[in-house]
Amino acid sequence: MAVVVQNVERADQAVIDRLAAAGVATVHEAQGRKGCLASYIRPIYSGAQVAGSAVTISAPPGDNWMVHVAIEQIREGDILVLAPTSPCDNGYFGDLLATSAQARGCRGLVIDAGVRDVRDLTAMGFPVWSKAISAQGTVKETIGSVNVPIVCAGAAIEAGDVIVADDDGVVVVKRAEAEAIAATAQKRLEAEEEKRKQLADGKLGLDLYAMRERLAEKGLKYV
Amino acid sequence: MAVVVQNVERADQAVIDRLAAAGVATVHEAQGRKGCLASYIRPIYSGAQVAGSAVTISAPPGDNWMVHVAIEQIREGDILVLAPTSPCDNGYFGDLLATSAQARGCRGLVIDAGVRDVRDLTAMGFPVWSKAISAQGTVKETIGSVNVPIVCAGAAIEAGDVIVADDDGVVVVKRAEAEAIAATAQKRLEAEEEKRKQLADGKLGLDLYAMRERLAEKGLKYV
Amino acid sequence: MAVVVQNVERADQAVIDRLAAAGVATVHEAQGRKGCLASYIRPIYSGAQVAGSAVTISAPPGDNWMVHVAIEQIREGDILVLAPTSPCDNGYFGDLLATSAQARGCRGLVIDAGVRDVRDLTAMGFPVWSKAISAQGTVKETIGSVNVPIVCAGAAIEAGDVIVADDDGVVVVKRAEAEAIAATAQKRLEAEEEKRKQLADGKLGLDLYAMRERLAEKGLKYV
Amino acid sequence: MAVVVQNVERADQAVIDRLAAAGVATVHEAQGRKGCLASYIRPIYSGAQVAGSAVTISAPPGDNWMVHVAIEQIREGDILVLAPTSPCDNGYFGDLLATSAQARGCRGLVIDAGVRDVRDLTAMGFPVWSKAISAQGTVKETIGSVNVPIVCAGAAIEAGDVIVADDDGVVVVKRAEAEAIAATAQKRLEAEEEKRKQLADGKLGLDLYAMRERLAEKGLKYV
Amino acid sequence: MAVVVQNVERADQAVIDRLAAAGVATVHEAQGRKGCLASYIRPIYSGAQVAGSAVTISAPPGDNWMVHVAIEQIREGDILVLAPTSPCDNGYFGDLLATSAQARGCRGLVIDAGVRDVRDLTAMGFPVWSKAISAQGTVKETIGSVNVPIVCAGAAIEAGDVIVADDDGVVVVKRAEAEAIAATAQKRLEAEEEKRKQLADGKLGLDLYAMRERLAEKGLKYV
Amino acid sequence: MAVVVQNVERADQAVIDRLAAAGVATVHEAQGRKGCLASYIRPIYSGAQVAGSAVTISAPPGDNWMVHVAIEQIREGDILVLAPTSPCDNGYFGDLLATSAQARGCRGLVIDAGVRDVRDLTAMGFPVWSKAISAQGTVKETIGSVNVPIVCAGAAIEAGDVIVADDDGVVVVKRAEAEAIAATAQKRLEAEEEKRKQLADGKLGLDLYAMRERLAEKGLKYV
């Protein structure tokens, strides 16, 4: 039941980097408004914008043993994603684990629980998106699993899926769809650029998107 | 039922600016400790301190169509205020809408729901006070109303009421009371200045406010 | 029932300062993973790291009268700790009270309720750890107690206990245990330094902490 | 600022009774899906279904003095509606107040805070819809207002508005609209009866409401 | 993107019935302590204990159109399972939909949102496990999907998985594992019967499970 | 650090029984409005009203091993009180543990976490006041302590303190104060009886408690 899956397929790194550049909101729209983690997952500092392949961790509440196990599975460019098996806000992860993960090429952590040493993590430039910041420590008594499918903050995630994270939160892209989504996201960004100019010039969205007729049909009245 | 009220009376701009300068806590005290929105409404970045006339939006959960409609109703110095008709944390508003609103003279957004593109909004200097930050997008299928009375984060707000917002949160001032409240707020600020000096010199509030006798009457014992 | 306890024993200031330097996560581990306040208690600004002797306040919901009483009891280096007698998010404390407390040597406030004037408090360098930021004011009608045992954010605190607070949150150390905990914390910091180097060099925690055998015994399978 | 409004207009009692008979869900639909209080407001026991004219109470957190004041304003068939001026879960109301209110003809209480003595209230048949059940008592130190406009659990309510409450929660109907809404609600109930029979016979809503074509136009695919 | 999957494989009905008889806690233990939905999902009335094959619904916030679509897909013994695409507590489901679902053989509803008409549903004996009870209605404007994989209250669920629900909450069993889990659950029930007798006779768990030695090894001290 | 304190002093059983008869709200008032546990602690069924001496349990999140240890410490009439060392909603306790505890004379459980098998517990007449109902099971890997001081749902509790619990929630009475509080509670009950009669006869609280003058002094206006 407690397993470590070792050889996980990843998406192409260039695709992953294009998803990082597009950002969470755009990627989420590009894949049909799905894949966002719950909005309570927040970055510990502003300004980070990353993407990476998920190394998933299913851990018991209050037990961070499997983080050590997961770090061995990290490849350059990966992101750790931890979901406790029941709600928990303990600080599973701090500066020592971040040092170890960063040494293995890890780009960040997404955790549906707590993190600590946030001042050090910020200084190290190791970004974390978490449910809580908590100094409350954990034990190493009960095993869990690494690289199995998990549900993290309401999103189903498999090892090797692409995680995109920035100040707007976190979105997951299925590995098999990553390339197509990256392409769609790029098109959205280009289309937005033109719209932004027109809106900045004072053109109304009502006109730009030709909404007036449909609003009237729906029954909107101006008084 | 779904209406856009077009000609909304606003308070005098000079009054609004004095309320902005006074800040949320002082304005709230000046009007008898009322009008604060719930404390879960937080700014997406620190340091903004604004006031403006409310352009109100009543929108269905997960549907931001009426934001486009509301932007047409903005006049220089207004603030958009959106309340969903049931609890929702979707990102109703992002950088394109902010570009459009800013082009119309909008000073900010207060929303009892989510916002996204917060990095861009911060760079633009477009302040938002929201319940959540969320990349989760919305649809444009169901109409709502603009400039009708709403309840936003526990406060009843009418179009044209004055919204004051800063790092302490958001307070609403009834349009008809704005001038009187601005005057009272100004007096409070002046009175506080003198108190601040005495407190900084080490004088105790117990003495400055002559509290000792009343505390003893209430039964407070020193042991 | 409503009392002010005046002569509270404090821990040695040098010990308190060493606890401040160790930080919340380390101190919490050093005392056997206990004493953390709930993770919803957050600093109003990043970067403060302080410790001090607790001046405790038990106050009714929505009534900050006892804060004035407590300020008289502050000695150089103390920290105010307020727990309302039932859940409340009102802004009990703002810049005038902070001016007064700071003039008495207070190093900060921990409050299981709200605080306001956070921009001013940040400018003053007066750190606060709170449940909420709220402009909603309070009255001065009902008395409470100062320097009695309280439960604040899930932690039992007595006057004179040492409060340590930083970006990870807040931990309380029993006065009688402060010296021993400071020593243990110091040893942990030194031990961590060596581990950090090895982890930064790419050594795995699995090997550094010799975990592999015990994981296998527990039944962990690699697939 | 603290006032008791004494002569409040009520809706016709026969209209109120028809709204009670229609129930919350139907009344809410009849008035265009508005007026529901937040879903955290729950009955202390199942099975009550009432309507009455609102006697509103704006009370400070942790202070139930104004309930005594409000009881004098009750007329036969009224419902007390209490909103604290900031979030509070104290037990403002228990069996003595219920005895007094019931003696004045009060049909129930809606409170965005706590209630206690729920076993007694249940035995008395005095229904309450509340945010919390809590034995935590209150003081009588600070005044508030009676029969002023309030926001209770997210709904704006004026004295004399009609409150309808049952196992589904609480809805408010504007006094001036009560008669029209009662008529519309009645029509909905009659229309539902016919639909219920067809659905019970196995007819699908897809066919009964002729949804198939519109679903196909929207792009729904069967695979 | 919006699809209805029509031919879903179900587990054997006899297996499903054995899982129902075992109940949620036992089934959850039998499959290795996994599959529970979040504890905020509660039954609208006590005493129901059911199991059935999941007909899954992914619906937009505030839009119950897909429930009508899903009802056509119900086979005798199924359970509807609805997850909104973002948090929502609206009442998606009431007595008319329950009448229709029941006519098709549906055994209940699990919904990570709200339900209404709970008095009628109770009278009908149609059990619902929900996040909220709310009269707030929904629209029929935006399509979603039926019988696609969803995440409901923190659990990943596929169409045809077995849902078991009782007063302790809800657990999901993968279709392919249902038979094995039913067998394991049966063995647990039998083993518990013997333990129950010994515990009722006053034998301690410490002795029955031979825990004393291991506790002493871990360092537990009796004082 | 992990200890079991074996010889705990209890209050007199007759005193405990009088506290049970008085009920939570009255006891809480009798001791000066203190000692209530947070209102999220709710009974799993209505109608139980008990008191007993606390056998306290400090347990790690997701680990119920110490419940077995605690059961050995139960004496006739005790109540188990469990606080996890960090927030957790797992089902620590079910019908087997209840069978064992009941066999030892235990009158109930108060737990700031989850409970399961609630249908069986109800049938057994074993009352539980909990934060959650959850089938999610726990492990037996990490030790904790029994009969040490804990904070449970915001209240500081020592072994041997008297726990009173009913439909209004839970209150703790210090052992040393139990006799005095029981006497005060009895007087309150008698005084209430007379007031109840007068209120039932229509006398207003405003008159019964002579509030009118003080309200006028505070500035209350009738309009």
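Order of writing sets the labels: A, B, C, D, E and F. Residues in every chain begin at 1.
We take it that a contact is a pair of C-beta atoms (placed from the backbone, for glycine too) under 8 Å apart; a residue touches a chain by one contact, two chains touch by 3 or more.
The structure presented is a predicted model; accordingly, all values stated were derived computationally and were not measured.
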Shared chain contacts [subunit B and subunit D, defined touch]: C, E
Give a one-word verdict, same or different, on whether subunit C and subunit F use largely identical residue numbers at their interface, taking over half shared as same. same
Taking each chain's centre as the mean of its CA atoms, subunit B sits from subunit F at a distance in Å of 41
On a C-alpha centroid basis, what's the spacing between subunit C and subunit D, in Å? 42
Could you state the distance in Å from the CA-based centre of subunit A to that of subunit B? 31
Overlap residues in subunit C, where contacts from two or more other chains coincide: 1, 33, 36, 85-87, 89, 134, 136, 142
Tell me, which pairs of chains are in touch? A-B, A-C, A-E, A-F, B-C, B-D, B-E, C-D, C-F, D-E, D-F, E-F
If we count contacts the way the header does, which residues on subunit C are in touch with subunit F in the complex? 1, 32-34, 36, 38, 85-87, 149, 151, 154-156
Mind pulling up the subunit F residues that touch subunit D in the complex? 24-25, 28-29, 33, 36, 39, 42, 46-47, 49, 166-169, 171, 192, 195-196, 199-206, 209, 211, 215, 218-223
Note which residues of subunit A are touching subunit C in the complex, please. 1-6, 65, 68-69, 71-72, 89, 91, 94-97, 99-100, 102-104, 114, 116-119, 122, 132-137, 140, 142-143
Given the complex with subunit E, which residues does subunit B contribute to the contact? 60-63, 85-90, 134, 136, 139, 141-142
